[in-house]
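Report on the following structure.
Letters A, B, C and D mark the chains in the order given here, with residues in each chain numbered from 1 onward.
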Amino acid sequence: MRRQKIGILGATGMVGQRFIQLLEHHPWFEIAWLAASDKSSGKSYGDAVKWKLDTTLPAHIAKMPVSPATPEGAPKVVFAALDSDIARDLEPKFAAAGCAVISNSSAFRMQEDVPLVIPEVNADHLPLLENQSWRKQSGGYIVTNPNCSAIGLVLALKPLEERFGIESIFVSTMQAVSGAGYPGVASLDILGNVVPYIKSEEEKMQEETLKLLGSLKGSRIESLAAKISAHCNRVPVEDGHTESVSVKLRKPATREEILAAWGDFKPLAGQNLPTAPAQPIEFVSADDRPQPRLDRMRGNGMASTVGRLRPCPLLDWKFTVLSHNTIRGAAGAALLNAELLVSLGKLDPVAVTA
Amino acid sequence: MRRQKIGILGATGMVGQRFIQLLEHHPWFEIAWLAASDKSSGKSYGDAVKWKLDTTLPAHIAKMPVSPATPEGAPKVVFAALDSDIARDLEPKFAAAGCAVISNSSAFRMQEDVPLVIPEVNADHLPLLENQSWRKQSGGYIVTNPNCSAIGLVLALKPLEERFGIESIFVSTMQAVSGAGYPGVASLDILGNVVPYIKSEEEKMQEETLKLLGSLKGSRIESLAAKISAHCNRVPVEDGHTESVSVKLRKPATREEILAAWGDFKPLAGQNLPTAPAQPIEFVSADDRPQPRLDRMRGNGMASTVGRLRPCPLLDWKFTVLSHNTIRGAAGAALLNAELLVSLGKLDPVAVTA
Amino acid sequence: MRRQKIGILGATGMVGQRFIQLLEHHPWFEIAWLAASDKSSGKSYGDAVKWKLDTTLPAHIAKMPVSPATPEGAPKVVFAALDSDIARDLEPKFAAAGCAVISNSSAFRMQEDVPLVIPEVNADHLPLLENQSWRKQSGGYIVTNPNCSAIGLVLALKPLEERFGIESIFVSTMQAVSGAGYPGVASLDILGNVVPYIKSEEEKMQEETLKLLGSLKGSRIESLAAKISAHCNRVPVEDGHTESVSVKLRKPATREEILAAWGDFKPLAGQNLPTAPAQPIEFVSADDRPQPRLDRMRGNGMASTVGRLRPCPLLDWKFTVLSHNTIRGAAGAALLNAELLVSLGKLDPVAVTA
Amino acid sequence: MRRQKIGILGATGMVGQRFIQLLEHHPWFEIAWLAASDKSSGKSYGDAVKWKLDTTLPAHIAKMPVSPATPEGAPKVVFAALDSDIARDLEPKFAAAGCAVISNSSAFRMQEDVPLVIPEVNADHLPLLENQSWRKQSGGYIVTNPNCSAIGLVLALKPLEERFGIESIFVSTMQAVSGAGYPGVASLDILGNVVPYIKSEEEKMQEETLKLLGSLKGSRIESLAAKISAHCNRVPVEDGHTESVSVKLRKPATREEILAAWGDFKPLAGQNLPTAPAQPIEFVSADDRPQPRLDRMRGNGMASTVGRLRPCPLLDWKFTVLSHNTIRGAAGAALLNAELLVSLGKLDPVAVTA
């Protein structure tokens, strides 16, 4: 079986590096093109990157040239790991040129005709992409995954919404520094410290969560009619976002019913997407779990781990949720989106629209 | 002016060390007696203690003997920094022997006739102590200060309760390791990690907050009729508890009104208690504050710092509060209680009841 | 092929856990017996252990009973991960009962008839075990691996000793907290801090290094005739010991010759020991490497990574060396020793002596 | 007594902030002028700075304007906390304009006619400044203090050199992140990690140490004729550089003689320089000290703390030394230099040369 050639936009950043790591032995995709800013293009990837992962940069990737971030020469499938401002400018150019842009950026997540997708949660939002003008003209499109703080939370909430309905959500995050990219957070700001602020993060987390849990109505998404309040904090953790969550449900649920909802949640079962975890939501029963250092790699970094389920004196239930912010919350999220698109026959855009 | 001799129970622990540090140049009190467990008693304090503070252990304290933890030979005023199980056994013995026990332990905080006090918040709860059987028999009594996670929060809430009324409180904490004493939290558990659990902490925080904001009705405290939900987390910070808070008020309040309520809150003004901060609640306007490393020492560690005041989509307002957990949240809290008792003429129990 | 049944003494500790993790899919060995202190024995392993690794405790191991730490019922091959004091008492009992005790403890490392072995460095010291009285009587014996701080260093020094001779060694360590076991180092002692002391560590590092680099002369090891001075420090790192090293050689060597000595060093090549890294010494050329977070997992945690080779104004050359302290420095070291013993036909002691 | 007006070049950086903190209640100096890069000049200091210290920015300083970094309008005494490249260009302009430039930068430390001074160590090197062409023409001059890694070490070595002579020095550092300024070290590089490299640091440490311990011979400094080798490492510590040191002496010295040399070392006694610590070298006898978190503030951050004195198998003695890198190692060092210059009558350059 031939693997599909893909490209990575923003290949030298932290999320770009995770794409390379996760794609190293991928059965369906093959890295054929790496692009980064002008500062890097023209160099070999090995010279351009400050590799910050604890696995070795593959030698054949190190030798690949870094291309300019323009659609010329790019493959038809492009993973985009760009800062939002740059994404706003560049991603449409690639979509217009006929590329499937699988984006991790926030630039177009809330745009009406752009699917914001977690495969286990709202694969049924994907038809939105057919409304995109790029799609109609060139076959290209943009599909996005949510913010790293929203994705673990929404995985944990989805089965509760399905079975009991959700009325209100309170969430307070303790987010890892890798979420800010590199160099990102200065060590003087975070060693032995907490920073109770991440720019625009609470807004994103609130609106993306409701869009993800919403429904496709005709040509648009109707966000979930629930209230949500997020407090976002940065803590001295390398990887893994931990979140304290309270929820109010529309129908009463017992502890056992909630555990069953989480345990039964396997919407991708049987689809054999290579990056999909067998158990998207893992419940740990120990009092003091989940913890980022111990639990972030569950499901190869793709599971959302929940624990500490207990009654909430204010809403109905409270619990802790954890997920790996640069795997499930970024590169792995986009990769799983791409695998879903392959399984739906939408990843060779030109072919599909021909 | 002669200083009053005081003793410290549990003198070798983290809070005991803070007592010694804070009392070093105190104008009213003089350390006359140090007690600790059998393992330490008989040694000099300098030999018994593993001094963990960043100021030097005073030489004359290092030479003091460590006494056994029994009332014989103890002064009439005793600061108690004991583990809860030990406090439950020992503190009544000292009260029965006529000592004023100024306790930082949780053992008796929720007992009906024991005042749980923050001087700026509920000094009017102190008359409860007259109901204690020890008081009636020997003149001794127990007065307590709250848990380190409750105290900063309650300071920030009190002026809101006074002006607007409080209906619901949501709080998620990020607590420093010093709150667990020494050796306390293992480094393998917390380096680059979050532990989303502190035994009994959420229960204490919830019930103490409502008692502190309650009213003395006859011979008992009626807790505030509000709902409160706490999530307690441990983070890799040495000192300073940071808390994400949302509140629902009974009357609408604007941002300016809330800031005014905090700014005007100076209930101890004019009383000249040595440890009382001039401004018990300090508001910082920068987006990313308060932070434990930068703000915990405001008011010499006795201020509660608030920031990030913004509307809450679920309740009314949300903000971040920070306080120093072993100063304002423990030794400084007890010390301020003692100063208040002095100013009320209740610190020489024998004299008062004679 | 049937796998040999092995036991683990001290199975609930940090090194015990690493043994379980490393043996999970081992082609030659199968965990048949887990023993720990009285506090744990009688429980299931899952109930007895506080599992602190970031991979999941295998379900079938969790269900295994914890046995008392006595030779009755133990398999003939036992990995020992005991505190030194306990090892001094227990390990001889197992050896006397006919077990091959593959020990990570320091108790017998310097005993004259006990091999202290790194397979790549001094496999030729193993015949010492035939001198042990246990060996002669029951077939049992004790083989040890070095301290976690010595092992990475000695790997880096061995090829230099072989090619150029070593006259003096200076080493200053920055050691991870996992080396102290669990609970080990208190977080209050190490967060944002350095502790410039680890009990007995400098002595062990100095004497073990010279024994490892020494030669078997008749029935005893003659330690290398070199001077060595070690400074041992603890730093806030979870795993991975980093060491600043200077060496004086007996023969002059160029940078290229040193790099060649390291690169050519593959003494186990062709033996197919499952845990042996293909490249025991990995040189990284970037200025700022090796780093524990990025490099400790090279060779699945079994490589010693060197970098920053540069002239030393005082001795001849200086460099930095890093190795994973609980894999290459403990459980992996013992496991590789066991594999070497299998390949030499010495792991079924009864059979051998029959 | 009128205080002398001083200026700060590079006032918004980490060292600039320390200058402001240390000068807040200084009896001799008054901050009259703050300068920073073009990006900041024109703003108020409060708007221009990201204040990162744990004391409050004084309100009157926050209101001061930030001036452009040119000599026009600057006072005659200027503390310079500039990056080396900028210092190389700017400091001569201020000296040429008649300013006494008290510099913390490395730009001119090794220049033949520029004194590199620690007041307790080599105040007798100051006459070098009279050789500067600026001095001759305008009265202005440049005086420098050493690198933050050298200063604590040299304080500890000076009394050993005086009494016993020093032949060789080995030092391995564990340096705090604040030494790299702000934003400085990325949190992703240092959380749970060690970086065994700081650009040019080993070279500076080696050559500055020997110059500081050298002697003024005619119009130049003859560096100490000793060998020195430095390994420089970055560790996750906020403030305080810890160093493992071995020394070879020219004359034998006992432990008691070394302790006496350190204890007797009070070369500034009786001079009443406000920033000079009463005891420049503090010896701590506990096995596991000094530690940065506990000992960096000794002598208000101006002492060099030594501990763990023990024989070195390779050289003669080994010990650990610690000093606060942004107080004794930067702003406090420059401030003490300025106080020494005042006491020598050299701080009003125009007056002196008139």
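In this text, a contact is a pair of C-beta atoms (placed from the backbone, for glycine too) under 8 Å apart; a residue touches a chain by one contact, two chains touch by 3 or more.
These figures come from a predicted structure and were not determined experimentally.
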Numbering shared by both copies at the subunit B-subunit A contact, with half separating same from different: same
Most widely separated chain from subunit B, with each centre as the mean of CA atoms: C
Gap in Å, rounded to a whole number, between the CA centres of subunit C and subunit A: 40
Gap in Å, rounded to a whole number, between the CA centres of subunit B and subunit A: 43
Subunit B and subunit C: spacing of chain centres that average the CA atoms, whole Å: 48
Two or more partner chains touched - positions in subunit C: 52, 189, 191-192, 236-238, 293-294
Contacting residues of subunit D [partner subunit B, same complex]: 52-56, 191-192, 238, 293-298
Contacting residues of subunit D [partner subunit A, same complex]: 14, 52, 177-178, 182-192, 236-238
Subunit B partner contacts - residues on subunit A that touch it in the complex: 168-170, 172, 174, 189, 191-197, 199, 206, 227-229, 231, 233, 235-238, 242, 244, 246, 287-294, 307-308, 312-315, 318, 320
